[in-house]
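Take a look at these structures.
Both complexes below contain chain A, partnered by chain B and then by chain C.
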Partner chain A sequence: MTYINMIIESPLLRCIAVLILAPTIGTLLSGFDRKFTARLQGRVGPSFWQPVYDILKLFGKQQILVHRTQLAYAILHLFFMMLTLVLLVLGQDLLMILFCQAFSALCLVIASMSVRSPYSWIGSQRKILQMLAYEPTLILLILAVYLQNNSFLGFKVLERDTPLIYSMPLMFISLLFVIAIEFEKSPFDVASSHHAHQEIVKGTTLEFSGPFLGLIEVAHAYEMAMFFGLMVAFWHTSIIMGIVLALIGFILVLIMDNICARLTSWWMVRFMWTIPLTLSLANLIWLWR
Partner chain B sequence: MEKVISSLFGMTHWVLLAMVIAPILLGGLTFLVQKREKLRTLLIWISAAIVLAGGILLVWLSTGNEEGIVQTWQWNVPASIGKYGFRLDLLSFGLESFVLLALLYVGFKIENGWVVFLGLIQTGLAVAAHFVGEHEDSLVLFRIDNLTRILILVTAVVGSAILIFSINYMKEHEKHAPEGAGSLGRFYFFFIGFLGFMLGLVTSNNFSLFSTFWEATTLCSYALIGQDGGEARRINATRALLINSFGGVLMLAGIFLLKVNNCGEDFQSLTGASVTVLPAMLLCMAAFTKSALFPFQSWLLGAMVAPTPVSALLHAATMVKAGVYLVMRISPHYSDYKLFMMMIAFTGALSFAGAAFLACTQSNAKKVLAYSTISNLGLVVACAGIESPLAYAAGLSIITFHAVSKGLLFLCVGRIEQKLGSRDIEKMDGMPYKMPFTTMVAMIGMMSMLLPPFGMLLSKWLAIEATIHSPFLLVFLATGSAFTVYFWAKWMGHMQIQGYHADKPVEEISKSMKFSLGYLAILVIVTGLLTMMIFRNVFTTMAAETFPGIDMVAKINSLYHEQAEFPSYLVLGCLALGLLFSAIFIAILVKNKNIRPPYLCGENAITIEEELNPEKNKLGLRSYDFYSAGGKVEHAVFSSYYFQNYINENRVSKYLNWISWLSMIVLLGCVVAAITIK
Partner chain C sequence: MSKFTGKSPWVVHFNCNSCNGCDIEFLACLTPLYDAERFGVLHVGNPKHADILVVTGSVNKKNMHVLKNVYDQIPAPKAVVAMGVCAATGGLFADCYNVVGGIDKVIPVDVHVPGCPPKPEAMLDGIVKAVEILKKKTKETETVTEELPVVIVKPKELPAETAAPATAKESEK
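== the complex of A and B ==
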């Protein structure tokens, strides 16, 4: 226990611990995803550790590229995703964390637009539309947090006595839609999908292969861990309840993934700017003081 | 008499006078020697150096030496001097009349009744404002405070860079200039003079001097927009003149009302008393016309027909900044009139979100930049209206950082346009190979709009955090911010599209262009690195001084400090590490044997040998050519989404204009209510 305390006390050790743990959590979540989806579809599914093996295997593959720029932006994508997580662990300004995350996504977009492949191009166009779709909702979420803590700092959330879910249930629901977009789940998996048989093949990540795809997969694992962490933070007073809440949220997203078909990107923007955005606005109204 | 003069003039006075007059004289000189290229170029370099050095010197001299507190520098003169009691305000009135007569002359020359009509009203108002009311015994002709210092620096630093860029641009431009285009001498006369007028505008305190410079910048922009001649330019130039004259009428009406009520004739008369609310509102509306906020945006969009340095000058260093300057100058005194301030903020926020939305539907690079300018100016006005020191600091930093980034981007677009012959974003293909330097510089400019530690994003962040107490604005800021990311992302992706080339490309670029672009790019990076420091040490103190003794400072003080403590070094460190790792990986991994052409369902027309060795590529195939049905070679064509089927720019503009006009009416209503109730 003393070691754990030591890690929690020191910001540097905390960051290092999270940087190591987060991709593991992220990949385990996708392992859970695959298992759960398989069971829903009446299959046995791969083992929980399959995504870990997949990523490790990618790093052993041949290093194939289209050009230099692509690699530079892929690295920036990963680094900024890591930075986002570090800032979150340090309890920094939430809005700034959101902007870092947006920049990370932007790097992926530029990376996949820079190659002359129409599939990758369409995927990245849709990825920008995804960003357009969820960004206002996330900004409103952060503003709602401010209204209760009188601070944009992340660690102020942890000093509260009551869980956020009591006062922000509608925000939690809209967060689930944002997470569905971020995790590339149906009906929002327009930019890139886990299934390579769709009309734009693999979309944003089409032109990445081998270790470079591995980099992006690691970044995705960080992103998954981060959003899972955000869901946990909705019930920060009890870590167990937090994880239960986050798992329920995650399972809801998975169920939605399995019962929905992919829809168009334009539909996604309209949907996100009507239902989740208005839900968040409605939630903001009763938080107003 | 000598005593009077020596008491009137100090070092700073001379520098200030020189800064206002020298550019106009240098412009005139350039006009005279326009045929002699070397001399002309030398004069332009000298003007740029004088503007830059003079601006910095002026700021340095006018900043007081007393410890801790930054002084406000004033130029007081007795109203009448000499034996015969020559009134100095007659002098400024004379200048004002001269400019207004010039406006009337232009109106008659182009035979536009509306311009003449507005010009006559302005002249009438100016004359009336001069003769009604009491004159003060002592005049404060010029005044330099913190806000002014920022604008002087912006004008001097960015303006001089644009001037240097224009040397080669205009030389090239003249070769292809359309029939009936104005001469280079005419161009530089107005162009260099513009900088002088702008410096005069931000430093002048007396209203008749202020309106002199205001009208002078309007006339200069008219002349510069119409530089290349032709029907389209004539129409756009006239529109700019009309809208800005309308703004001039509003402003002179405000000044007239102040004089009628014996409030005074300089900026100190805007004290926040209820008599001055209506004039303040009229001045704000005048500022909206100059800053091209909705519903007055059309003149700035039309202004892109001018040569690119003009656009850069109008958008980054001068013209539109004058409008937001006026709003920032007025707004802190009127925080008691909540509804009035809120409507100002609303107009700004509407422009922020609306212009960003319209920018998403444009593929014309200059138009995207123009809408982005309107959007950012809207944000400044919104910040000014939020009446919190934090927002005010955000506004100040937007004015500063936007000028540098936007100046850089306009110059890049100008260069790309001259090289590619098109300003369409869709045509910007393979830029990193064709123009590596310009692409890099343009990417720095665009990144600075979105990347966390850089000024523009920081300001947007502060603005959003400051609006937390104004729920109404929040929605506009949240959506506008998302649109901003959208249109920049599309463009940045387009700038990076390229094939693989084993060799390192070299760009042919003239030295003066490279110098000005590099200078602005370095400025963007340096201000980006120091953003938090500048914000903490400069902008927060300025904002705190602007709102002295208001308990609002205490109320949001914690918020204020949180922002100032953000560890931007983490973000910068991350960026540096990322770039370092990329460089290492690229050096190790990018070899010809690792390169493959992009995926085109296995139907690529080009083989990898042809891609890597251009001499083997006899058919001139591209990496995105593929075999379609029957073995025919086709290009893979892709373009960004512009939603032009869903969103009609004209129709959306009409809706937005209607809402903005409504908000103008509501603004008037608020003021009337504020006066009658008090």
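== the complex of A and C ==
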């Protein structure tokens, strides 16, 4: 226990620990996703560690690159995703965290815009629409946190006595839709899908292969861990209740993934700007003082 | 690293002049009954992400360049499965004027799965065999394919007589 206390108290050790733990949690979550989806469809499904094998295999493959710009932006995508997570763990400004996350997503857009494949272009245009769809909800979420703590700083949340879920239940529901977009789940998986291929083949990650695709997969694992952490933060007073809440949210997203078909990108924007945004605004009404 | 290659073989499927019989049977491998995903098989639509190339149908003079291009885009280590008799020898279409033959005329083949179409069990067996071959390969394994002859088709040049009346008409004016 002394080691754990030492890690929690030192900011540097905490950053290092989270940078190692986050991709592990992210890949385990997607392993759970694939097993759960397979069981829902009546299949045996792959091993629980399958996403780990996939990523390790990708790093052992031949390096084929379209051009260097593509690689530079793939690395920036990973770097800014790591920075987002570090800022979150250090309890920094939530707005800054949102900007870092948005820039990380933009790097992926630029990387897939820099090649000549039309499928990659369509994928990145849809990724921009996805960002347009979820960013207002995230900004309202941060605004709601500000209204309760009178501060944009992340660590002020941890100093509260009551969990956020008591005062922001509707915000949590709209966050689930944001998470469905970020995890590339149906009906929102318009830009790039994890399951099989789609009408635009693989969308944003189409022109990446081998270790460079591995970089993007690692960044995705960081992203999954970050959003899982956000769900845990809704019940920060008890870590067990937080994890239970986050798992329930994750399973709800997976069930929605399995019962829905992929819909169009503009349907996604219309939906996100009506139902989740209205839920968030309704939640803001009783927080406004 | 090579031991993980065997654990997550991503398959890309290329229909090379096939009658679609093998393609339907191959997609049946992904259904809950056969569940190819328990071996880590993922059906990707993009050769740049794939490890195993599954080819159905015979090669003809038009699509041999496409097949070679798809093969060259797969990063090493990679394996090729020739699915069905058409991909092995040309099968039913072997005597057609445009058919070159089996896909081994164009790219190196690791596993032949016979049948018209093969049963899904045989197809899964073929993929598992390809995975075993894939494990022995590394990313330095030579995968260069032979250059194919490029046939340029041009319209014939017009004979001199057709040009002559035109000039005659102009002179009449």
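We adopt the following convention: the second predicted complex is superposed on the first by the 288 of 289 C-alpha atoms of A that agree within 3 Å, B and C clash if a C-alpha of one lies under 4 Å from a C-alpha of the other, contacts with A are read in each partner's own complex, and residues count from 1 in each chain.
Everything that follows uses one rule, which is that contacts are C-beta pairs under 8 Å (C-beta built on N, C-alpha and C of every residue); 3 or more make two chains touch, one makes a residue touch a chain.
Quick caveat, the model's predicted, so the values are computed rather than measured.
When both complexes are superposed on chain A, chain B and chain C sit side by side without a clash. With both structures placed on the common chain, the touch criterion links A:Y53 to chain C but leaves chain B unconnected. Contact with chain B, but none with chain C, is seen for A:F152 once the two complexes are overlaid on the shared chain.
In the superposition on chain A, contact of A:F208 is made with chain C only, not with chain B.
Legend: residue contacts after superposition of the two complexes on their common chain; A:K61 is shown touching chain C, with no touch to chain B.
Of the two partner chains placed around the shared chain by superposition, chain B is the only one that A:F103 touches, whereas chain C remains out of contact. Shared-chain residue A:F79: touches chain B; no touch with chain C. Residue contacts after overlaying the shared chain place A:G42 against chain C, while chain B stays out of touching range. In the superposed model, A:P118 lies in contact with chain B only, and not with chain C. Of the two partner chains placed by superposition, A:L175 touches none, neither chain B nor chain C.
Taken over all C-alpha pairs, chain B and chain C come no nearer than 5 Å in the superposed arrangement. Shared interface residues of chain A, touching chain B in one complex and chain C in the other, are 62-64, 201, 206-207.
By the touch rule above, chain A contacts chain C in their complex via residues 34, 38, 41-47, 50, 53-54, 56-57, 59-64, 196-198, 201-202, 205-210, 213.
Chain contact summary for the complex, chain A toward chain B: residues 62-69, 71-73, 75-76, 79-80, 82-83, 86-87, 90, 92-93, 95-96, 99-100, 102-103, 106, 109-110, 113-122, 124-125, 128-129, 131-132, 135-136, 139-140, 143, 146-147, 150-153, 201, 206-207, 266, 281, 284, 288.
Within the complex formed with chain A, the residues of chain C that make contact are 1-2, 4-5, 7-8, 10, 30, 32, 35, 37-40, 42-46, 48-49, 51, 73, 75-77, 139. By the touch criterion given at the top, residues 432, 450-452, 457, 461, 464-465, 468, 471, 474-475, 477-479, 481-483, 485-486, 489-490, 492-494, 496-501, 558-559, 562-563, 566-567, 570-571, 574-575, 577-579, 581-582, 585-586, 589-590, 594-600, 622-624, 636-638, 640-641, 646 of chain B touch chain A in their complex.
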